[in-house]
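Got a structure for you, written out below as structure tokens; questions coming shortly.
So that you can tell them apart, the chains are marked A, B, C and D in the order they are listed, and the count of residues begins at 1 in each.
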Amino acid sequence: MSIQKPFAITLDKNTSLANHTGSWRSKRPVYVDRLPPCNATCPAGENIQNWLFHAESGNYEAAWRSLTENNPLPAIMGRVCYHPCEGACNRGQLDEAVGINAVERFLGDEALKQGWAFAKPVAESGKRVLVVGSGPAGLSAAYHLRRMGHGVTIVEAETAAGGMMRYGIPRYRLPRRVLDAEVQRIVDMGVELRLDTRVDDVLAMQAAEGFDAVFLGIGAGIAKRAYIPAGDASHITDAISVLHEVEEHPPLLGRKVVIYGGGNTAIDVARTAKRLGAEASIIVYRRTRDKMPAHDFEVKEALEEGVKMKWLSTITEADAGNITIEKMALDDKGFPQPTGEFETLAADSVVLALGQNVEQTLLEHIPGLELKWDSVQTDAVMMTSVAGVFAGGDMVAGGERTVTVSIGHGKKAARAIDAWMRGERYQPAPKHEPATFERLNTWYYADAAKTVRPVLDIIRRQSTFDEVVGGLDEGNAMYEARRCLSCGNCFECDNCYGVCPDSAVIKLGAGKRFAFNYDYCKGCGLCVEECPCGAIAVELEDK
Amino acid sequence: MFQVRIHGRGGQGVVTAAEMLSIAAFIKGKHSQAFPSFGSERMGAPVMAFCRIDAKEIRLREPVLNPDALIIQDPGLLHQVNLFEGLAEHGYILINSTHTLAELGLEDYLREHPQRQVCVIPASEIALKHVGRPLPNAALLGGFAALTGLIQMEALQAAIRDKFSGKIAEQNIAAAQAAFAQVQTNTQGATPC
Amino acid sequence: MLKQIEGSQAVAEAIGLCRPEVICAYPITPQTHIVENLGQMVDKGQIDPCEYINVESEFAAMSVAIGASAAGARAYTATASQGLLFMAEAVYNASGLGLPIVMTIGNRAIGAPINIWNDHQDSLSMRDAGWIQLYAETNQEAVDLHIQAFRLAEELSVPVMVCVDGFILTHAYERVDIPEQAQVDAYLPPFSPRQMLDPANPVTIGAMVGPEAFMEVRYLAHYQQMQALGLIPELAEEFQQQFGRDSGGLVKPYRSADADTIVVALGSVNGTIKDVVDEMREQGVSIGSLSICTYRPFPRKAVRSALQHAKRIVVVEKSLAVGIGGIVATDVQMAVAGLHKPVHTVIAGLGGRPITRDSLRKLFHKADQGHLAHLQFLDLKHALVHEEIARMEGQRHSGPSAENILRGMGTIASQIR
Amino acid sequence: METTIKFYQTDTFTVGNRLLSEAERSVQAGMQRTNALNSGHRACQGCGEALGARFAVDAAMRATNNQLVACNATGCLEVFSTPYPESSWQLPWLHSLFGNAAAVATGVAAAMKVKGKQHIRVLAQGGDGGTTDIGFGCLSGMFERNDDVLYICYDNEAYMNTGVQRSSATPPAARTATTMPVGQHANGNVFGKGKSVPLIAMAHEIPYVATASVADLRDLEAKVTKAMSIHGARYIHIHVPCPLGWGADPAHTIKLARLAIESGLFPVFEAEHGEITGHRAIRAQVPVEDYLKLQKRFAHLFRAPKQVDVIAHLQAMADRNIRRFKLLEKFTSPTGGAAA
């Protein structure tokens, strides 16, 4: 049947496409990528959101590969990272932060379980870099340099690699098989690791072996001491020594141990002492619990295990079998002031956990190396005042001394070294504007509480060095990953595509996101308002 | 052209009577036209129906103003409506009643009218007897056939069967036949029936 | 087949022979018998396939027909009077969309005062609605016009109204020759719509058209309807060849070729007029008549040609354009424009007032003698209206005229005339 | 503990969700969706009706494998989609009049039946004026005959096409061009919401009645899909905010629809054969003020002195809906959607 369409009364389908309603627009939506708070705060510069994205769909290998673009030690980080990302997570304002750290550990463990290896570099650059120290900074630098095709040699004074991860973090937080496996995976990329090799004159070694650049990552392994009047019989030691000794033979601390300090190391020692059989493991700290530098969850775990706390106290004297402490009171400004009130406490040993300094020998052999106090001063891309010498980790001035920060230093330094060796200066990519909570339309996210990680029973926690916090199973990990809001970056929820009254959003296909059809977009802003993750911005039309 | 006007009340089959009359004429090859007095059809209200019969096509659409025959189905109308208006001189008058003309008060009025043209029959009673209900139309048409000779009984029977079916048709035919016989008997006696 | 049947039944049988696919039924006197009969025919399977839909109003009846027709079904409905006015919006819409719906109008007056009897005010109120309007003179013609109407509507994609006088025709038992199905099938092919709602070929029907094209759309509607002036005589001619009857066409002159006075009318009253014409011709009066069968499109040339030799024209119409007079007469006047002939408007038969031979005879004699007024109302009860006018002038705002008139007449339940 | 593996970060609240299986995805998320109402139409920026219409018709298109015809009442949707010489429709579409869409659809359905093409289904659609007011007679007739038509009312709560005049779907206190907040209309519309066509439809005991909103696409699609699986008369009443008529930011169209649901002012429920069979539970109840404040049509209530009584009246309406339709009770809707 042939249709004879009456003039004007009957129209052909789709003819309205000739009417370009885009001309109505006074402002236009544009797709943007914003920096999610997790990524922004990750000292290792992980693209957390991206690896969560892969984990959401159960593609754990892709997630792990995304994760290890920035951090080669996920199984370690999934255990020891203090996860500032979770503190910044926008979901925290909705219900609870996404358990990023738990998912990271799951991925790290999954990689070990599945035996996923790092890819070897596609091509060798012919350049060689000397890395001093096999702590997190050194390993990270070595890993990233190797990925770029450079030859890497790590020198380590100790008999095993890992630095503070091995000699500062107790096994119940980081099982050594995990550490060993993740170190080995880096070595397997073709990184040379020389153990039991102490280097004092690094420039000489560089010259002798013809390294193109040097990265220093020797950490801060010298314990800070404080003057405490003490009798000869008193047993005063430091946290670094205790934690180092534990790796080789159990140190003798006695039945009653007092730890002096309020940081994470103090907690580590107190909990270690408990596991070594101490009846009493008491932390003495000058200020209150909320002022403690130690993370609250660690304090909580320590308390659960029977560690005691003496807040607002300083040790004024140590003798055989006991110590004297003075009660403190906080002044108006929150500083502790002595009260003149004293107390005696039984103590077989006192462990000072007052912080660490950088060993100076190596530094003294580098002429012109600029220091700040005991630490090395670097520029924004981790180069010291000496050209071609880069540094990272705990030895570098400024910033927190954590494993995660060190890994970040190693990565940044590796990029800077790579550029430097090509005669360039590393320019980090400009960061996107932040994806703040206000930019989200959280209505779209399903209600979902955070997963609670399994915890070892208390008896075993008090008597063994078994790992305290368990991992997530696959279901939990996927669930947790799916709690991610994908702040600031399109996760292809199709909302913009769906809510456009003018069908002016083009769906480009899975993984390819969307595009605006500005021929028809009237600029109503519905897509912007209804984008759950704040990945659409509004720009004024230039008219 | 022969024109008939039927008076009655709604529900008495006045219109049907006119229609059956027209069908009976049609069956005999005549042109005929039957139509009602176009009222809103309410039970009990006075109604009229008309029928024209002719040998040629009937084009006329006016109501029957000058009937050649009147059929009065309900004598109760005699004193309410001017039933005889326009009746042709020597026109036929067929009244359904158990009473005589005198009893109906028409004796003086119809004194000048040819007596053979006037007939009163108890059509409702005949209908009650044969049909079981006092619907006098078929019986009156039987009487009309006998009185005027304008339609034949067999055509009337066919017309009744056209409008009714089965047992009801046969009962109405019986009533028509009874009335036909009664009128024929009476008119042969040359007395007002 | 010759039958002695009621007009409504005959029309219903004719519709049935046309194989309508969707019938919309809503009761209104005097068309009700038509849709009642059709309902029974559908129930008995005599029209099959067919959807018979009892709608909730005339507006819905035409709307359902619009939907059905746009979807490619042959659609039919019937109405009258208030019903036609209630569907008026849809009546215009059906023609605007070019949907070949056929509708029977059982012509009836329009209130207030409410009146169920015959005149032409209803269909004439829709004369500009874009429908073709055909007026039946007899029930035979009503039957034949419906068969032609479907063919006409579908060939032009224009809806057609067949106007049949309420009661006078719809309720009259008379002789009608009902054609055989095969004859009708040969004359009326299956509906092949000009356009259709079809998922295989989706189109948008019923667009909004602005000042830039509306004039053109309306012009084309006019042009399309004017095509009927050529097609209607052809279809009537073809009908005559196949059915042996002269039915339909544009106009039907009767003894008018040499007549000084020609009476023009629509519909069944032409029968009575012809009887009077015959009577007066026998008396030597030079009179004839012209029945307008196709009123829309108005066959101006045919009317002019039929009237050009007359000395005077008397339009007897069952309608009143309050404030000016005749409706049909106005069109007739246009047809004879420039011929300088008096066109007399006679308003007659409003609300079922019988148009009698007596009255027509007097009227036509008066016309023949040249004494007819330009506008007059046949059988108007002058004394009554004069009395009412006088009373109205005496005291204004005195209530509805209709009630006062009835009071003045004394309430008479059933009058012969 | 939640069921873990089945949890999706946005569940089904967003239009799409890459984590759902193909079968569970919304029509609107698909690259193959019909866009039955295509680009280039002349609806206002942020038009809820344009959005709701594409949602609904696309879903019906999928449910019928594109064997669908639409009949449209006069109104915004008709005017903005088909101004000569441009049509936005991709399906056979017929506009007749303002008040007859339901009857026209009946006619189309009858034609399909008589032509043996019953697989071609019929959709009628109109605004609240064309449905609750002028088209109400035809709608009721279609219901009563149980014709095989799905009628969809896009309710934007006034006559927007003609310039925002009150309809019988206009809520109390709303300012419209015929209920300006002056004189006897000092508080805007005096009456309002006294005529629930969904409940009236239910009184016809037709096979399926539902309300839906552009704020809950899944629910809307599920209802249209379900409606198309049923034969006979069906009615879906979709709440579609109008930025122009409501005096709202065009970007707030869905937000307003959502607040209407979450406040209880627009109850989302479904019914079969006159019995309520499901409702969409409120997720996070909000006071009606949250909804009213975003709209200039209610601005007069918030000018000093604040019309506390009127706002309380509107809150009471919402509360009544919440009680009547059990909106705070979780309910697993038979059609799924976001109710669970």
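Methods note: a contact is a pair of C-beta atoms (placed from the backbone, for glycine too) under 8 Å apart; a residue touches a chain by one contact, two chains touch by 3 or more.
Just so it is clear, the model here is predicted, and its values are computed rather than measured.
Legend note: the chain whose CA centroid lies nearest the centroid of all displayed protein CA atoms is D. Chain centres were defined as the mean of their Cα atoms; on that basis the chain farthest from chain B turns out to be A.
Comparing chain pairs A-C and C-D, the larger number of C-beta contacts belongs to C-D.
Chain B and chain D, compared by their mean Cα positions, are separated by 65 Å. Per-chain CA centroids place chain A at a distance of 91 Å from chain C.
Measuring from the averaged C-alpha position of chain C to that of chain D gives a distance of 44 Å. Annotation: 113 Å between the Cα-based centres of chain A and chain B.
Shown for chain C are the residues that touch two or more other chains, namely 97, 196, 201-207, 209, 213. Among all residues of chain A, those that touch two or more other chains are 8, 11-13. Which chains touch which is summed up as A-C, A-D, B-C, C-D.
Only residues 66-69, 71-72, 78-79, 82-85, 87, 89-97, 99-100, 103-116, 120, 137-138, 140-141, 144-145, 147 of chain D touch chain C when the two sit together in their complex. Here chain C touches chain D in the complex through residues 21-22, 24, 49-51, 53-57, 59-60, 63-73, 75, 89-90, 93, 97, 196-199, 201-210, 212-213, going by the rule given at the top. Within the complex formed with chain B, the residues of chain C that make contact are 4, 6, 29-30, 116-118, 138, 165-168, 171-175, 268-272, 274-275, 352, 354-358, 413-414, 416-417.
Listing the residues of chain B that touch chain C in their complex gives 18-19, 22-23, 25-27, 31-40, 45-48, 58-63, 65, 80-82, 85-86, 162. Of all residues in chain C, those touching chain A in their complex are 96-98, 157, 192-196, 201-207, 209, 213-214, 216-217, 220.
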